[in-house]
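Both complexes shown next keep chain A, but they swap its partner, so chain B is in the first and chain C is in the second.
Up next, the complex of A and B:
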């Protein structure tokens, strides 16, 4: 996951790119200097002072330049690490060799388990939970739960038991392990790790089913791990576990899992409810998303419930409602912040892991133990997957093939969670802690590096079905909804309470109760198909504008003109299109109109307010696009004429015109009355072009004024407003007029 | 097995149905029980009011179309074999039965399933989904909350996307093409007693 440049201004990223070597070298230099000094702050200070400047030693009446490192020492180092991690990530993608230049051991960042669990893990899990594809998840929930619960239990007992046997066979001080410590160790190591799975599976673009199976398993096995870990840790001291304890353990598991989900759901609903009222204060919307989720995680951890499940539940529950309420920009912010944080977290985790590996003080190598662990892990996973798949295939609709099973087994990666859990062990109770840590690190490295790196070629080799990249068409959406209704109906006729029946019930419940309270305004009544359609239109319009205001308006406008010369929208076809030529005089007229309008646009000034969000990029981009268009007009006059002055029709122009012309604002932009400009691919000189010319003439004769809105405009406006909310944020100075949608 | 075979005796043409549709005896039995339950006047045939009595179906936006699909054109009653044959479309696809003895495609092949769905759209049976028919479906699904204008544009967009031969309507092949990415077998199946 590369850190996107969104959020960085272009100049800054360019700066980073061009001088990436220098900061890295600088960091290395500073780092090594910091390291050679003792790890005490005062030494840092003196060293740093000596390195940078010697003014601190000079006797001056008033210290013009002073240095106080201790003051900023903690945040400084943290930021340095984050920066280093990010630069390494950049460098890794740009220069593969760079990952060999591992920085020398600096002030060793101790893998503090608290830091890991409280700071580094939540962003990754939240990112995963918020963007979890709900539908495949719920459809496969049975299988996922089986793998997560039964699979992990099987792994634990198999590995634990056999390790104990191995220990018995090879007695010796370091290998003197009771059954319970073995089981505890097995618990730690048998859980599939979401961080590692995410990191590896992101790259291989495997089909959705497999991805969700392995990933879902890695998320849900947290509950099992938490329960078993606490169970064994508690009783490892006591020495025995009775049946009663086992029974309590099962109850505890249910409490942990369901409790975690409940806590998450509550916070999710709260977040959704809060977002309903944020229409006037859009800047803090993303904050609610993050803080509520984090609180959910912390609350769950407080009660020893499964924090990961709470976080997933919170993200999944809150998403549909929050998305409907927050503005487009907030949505983008949330998305990119989550991606950014999770990316940084992931890198930091792996750096810490690497450093911990190299840092010898935590290790105690024991050949037998380590190799036994690695081998047993693999065997346990394979057997577990095969056995469970055999069971599940009896109940599943879509059976899992051998190839699928192989990928699932191979994708069972262990990661940093295992290491942190090991780190948390109390050394007094577990004198073999170091041995455990060594074994855990070995397994983690083995799975992540060996399995992780080879999985991609294996996927290619086995020709496993890949993820389908194509976008969903509106036809698909319509027909799948139709089929859903059909299936529900048939199920009702058969009296069969299946899948569709319950889904339908849930949807009805959702619509009737939840949506009304959790979604602001009229959007709560918008059917899914409609929001899909709007999203699609908007996406398409954004594409059009980004490509330089193509000469084709999406035919969402049912005017009669568009019916005749419909052309499938393919933005890439532009240069090859043969557009009708306009006489040069007309073109000059158009250009004049453009110029005058452009001047008017520039004269508008806003008073600066920190809380006002900057005007929509489309408005700012307009002048650029217009200039670009004029340039293209000049250069390509012979080839084709873009007819952007197809005046008010193009999105670009309408905004400029409306923004500048106060009178036009009175009559709201109504798509119905504006003639669309459609191009007929087949015949450039067709009679249609004449029609178009006539229309242009008509428009210009009217002085570019809008026709009176038709009777249907009222309803049309409601739709416009829906699009409006997507496009821009009204700041406190709620400038409604500026937020005109450029489509329909 | 013995008991179910004996109880099948009062179901007319049971063996033929089993062969034709691929349902097992247990399925046929269960479907017969359901048929019996729905058949309020116990005439051995179902009428439209019998279907409409199913409460959930009344809430279904395309409920009427589904009901109409059970009745062959011109008839206003459904007997048990027809009932079963329609429901046979919703069995999981059985790869082994590609062609049965009479050479006809089995009911639960993906093609037949799609044909069934297509027929639900195409009310006038001309083999194409015209813009008007699509509009009707959209109206039923989206209800009264949407303006005609918006419906028109959605229908417009849908036809544009799907219509490859530019005849302003969606033929069966174009319909199939739209749904090629969707796993029809998984979408259109009901887990009858397995």
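Up next, the complex of A and C:
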């Protein structure tokens, strides 16, 4: 089972896959020192006790330097493994050809099913659930459920039955398997694994529909697996399953699935509700997200409900409300932490798998059984997909083509969940456990490596539609909304209570009841088009700041079109200006002076209080740019028409300022000619409060109305305005879809 | 006014449609109703509005919401798509001059946001302006600074919405139903 590291392969998926093989190879090299390494800590301990015992009655010299490995033994090793895994991942990306660095004396991690299910799996699932694209998921929910439930059932019975037949042909060689153990084994092996699917599909950037179909299936089949597993495990001892048991099994399935979702939804609502009140304590917001989700998982597992579905439900339910409530920094924190944890988990899982593969004590190779399993898995998957697609295409609007079917079938990967479930089997009840484990590992390796590595070239070869990289434009957004309402209206006219009608009802329920209680401040009333618009502006502004400084008319599209092209020509009445207009250069110069001074001021005010966060100049720049953009849209209209006078705070501006920070509604803006700003040292009562500079507004409006010296005044008696919520780095490979709220 | 699998369709007036209770919460109710009475959607080349429509006109409008099946060829799909986009375009272009001006677009956005609480007109204006800017930039990126962009033409409209899969999104499911089961009453 040694696979050579294909370090020179150009495809990225090969890199990623190889990064999983490398640990296997390394561990193999380490294999020879397994037992000596295991022995060393215990040796040390005996030495230590011998020493203390022997010299208990006489005073020994004070130990200046002492080694107590036992004390930190467990966390130390875990951290070391995590560090090693991350370094390997890093190193493999930097250096295509890995040098074989043999780690010295390490105790190899033993695959512990509890560790897997309680520590390694939840981060990956939460990451998937939190960033699940809701709209395509709900649109395809019928198909996904069909694949998850019926597909898995079909796989189980087909594989189980045929394996039993195969074993009957050759009873002595294959250890005399009964029907029920076969079915149990088939249950374990037939479920598509979300970890493996995620790992592979992320690389290939396939179109959204296929991604969500396979991925959704892998998530939802957990309920089926749980029920069947418990069912067969219970009754494998008894030897028979009656019709009543089957019937109870179906009921159990409904309970497990719906119960899991319910538990998750409850925790999700709780989390959303809690986040409503965290405006004063922003640093612990991410913690709520994580802890509530984990509690949802554990609660579900406690009742033997589907933990995975609970976790998905929790993440999906909580997301739109929590996103509306928490600050941008918290949002970024949540995103980064989830990605980080899931990445580490995934690597560790594959390391464990590698170790388990190499560790010979768990295996018992049996040619017939293993090959039969692999072949049957493939056949079952293909037949299942074809059959189900045929059925679903009768009902679907967007039909699935043959290419799609091939990818879905090919993407049915098995992974570590199957292995852990096999590991959990009781050896007394199932003497064939080792054979099972061997077969499971073979299938997992086969699907992940062979299928996983070849799927990318196949996608290219078959010219399957790839993920659309283009950003959503505001026109598309407007028309999506428009279409929704249009179709709902048409359905109402026809009296046909279809798809859109119920979706609309749910949206209205959401707005009327849920949003009011779960979202803080007045953001609950903001329609989705507006939040999209604000987010878009924010993104453009961030881009501007990153480009450095911001130009006068920020426009995302490289074109010479500006507002003037669109505005109907108004008669150019050029009134007497009160003050001579300064040449443009001077204006810019003055603006620059003011801006740099302002930034210097802000830089001096970082506080190191753990409980508060002070905005840093990067974010100020962003909010400035948004306001400036807004102003420029307005001033082009106003510019040549009116006598320059300080306009009151336009609604646009206040909305921009206040839209992101719901707590700032009360602040009044004092329109005065004197540009002032006031900086507030972050105090526990009012975090995030630095006033906005309003001088930029004046400058744009009137050409010039500046008194440079007074701009440096730090003391202003103006009212404070809370800053727009803190922004920070946009985060890794910006996944625009994650910003879409629940039920558009 | 109608039931699940049957369609009752008398000669309806505007006010009949107006009185459908489910429609009251729909922000673009007026546009939808007007679309039924718009002659441009009848595909006979006329312009203007009807005072009342009969069943054929109703069906004509509904036919814009046909889904595509696996058997439709690429050209047919393109034609269907164009038809649906034309329907949308007619809904926006209220004065039937062939372009969507800024004013009309602003009205569209305002209507969309009309049922969502107290919305500032300024914001609606800003959104419409930004959208218009986008259309202009995508379609005519090298416009001279004093050129006035009249309005969105149908080609530009098609272009800007090329990302949305109109064929599959703009459909009503029950049109799949076998027409033999649909009962049509003329009162």
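Everything that follows uses one rule, which is that the second predicted complex is superposed on the first by the 491 of 744 C-alpha atoms of A that agree within 3 Å, B and C clash if a C-alpha of one lies under 4 Å from a C-alpha of the other, contacts with A are read in each partner's own complex, and residues count from 1 in each chain.
We adopt the following convention: a contact is a pair of C-beta atoms (placed from the backbone, for glycine too) under 8 Å apart; a residue touches a chain by one contact, two chains touch by 3 or more.
None of the values given here were measured: they were computed from a predicted structure.
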Checklist entry - Is A:473 in contact with chain B, with chain C, with both, or with neither (first, second, both, neither)? => result both
Checklist entry - Is A:399 in contact with chain B, with chain C, with both, or with neither (first, second, both, neither)? => result second
Checklist entry - Between chain B (first) and chain C (second), which does A:486 come into contact with in this model arrangement: first, second, both, or neither? => result both
Checklist entry - For A:246, is the partner it touches chain B (first), chain C (second), both, or none of the two (neither)? => result neither
Next on the checklist: Let me test your reading of the model: by the given contact rule, A:494 touches which partner, first (chain B), second (chain C), both or neither?
Outcome noted: both
Checklist entry - Do chain B and chain C land on any of the same chain A residues, and which? => result 397-398, 468, 470, 473-476, 478-483, 485-496, 498-499, 501, 508, 525-527, 529-530, 533, 536, 555, 557-558, 562, 566, 568
Item to check | Residue ranges of chain B in contact with chain A within the complex | outcome: 31, 34, 37-38, 51, 54, 56-57, 59-63, 66, 87, 90, 92, 117, 120-121, 137-138, 141-143, 145-147, 149-150, 152-154, 156-158, 160-162, 175, 178-179, 181-183, 186-192
Checklist entry - So in the complex, which bits of chain C are touching chain A? => result 1-4, 7, 17, 20, 22-23, 25-29, 31-32, 36, 62, 65, 67, 69-70, 88, 91, 102, 108-109, 112-113, 116-120, 122-123, 126-127, 129-138, 140-149, 160-161, 163-164, 168-174
Checklist entry - In the complex formed with chain C, which residues of chain A make contact? => result 393, 397-399, 468, 470, 472-476, 478-483, 485-499, 501, 508, 525-527, 529-530, 533, 536, 555, 557-569, 630, 633, 650-652, 655
Checklist entry - Hey, which residues of chain A end up touching chain B in the complex? => result 397-398, 468, 470, 473-476, 478-483, 485-496, 498-499, 501, 504, 508, 525-527, 529-530, 533, 536, 555-558, 562, 566, 568, 672, 712, 715-716, 719, 744
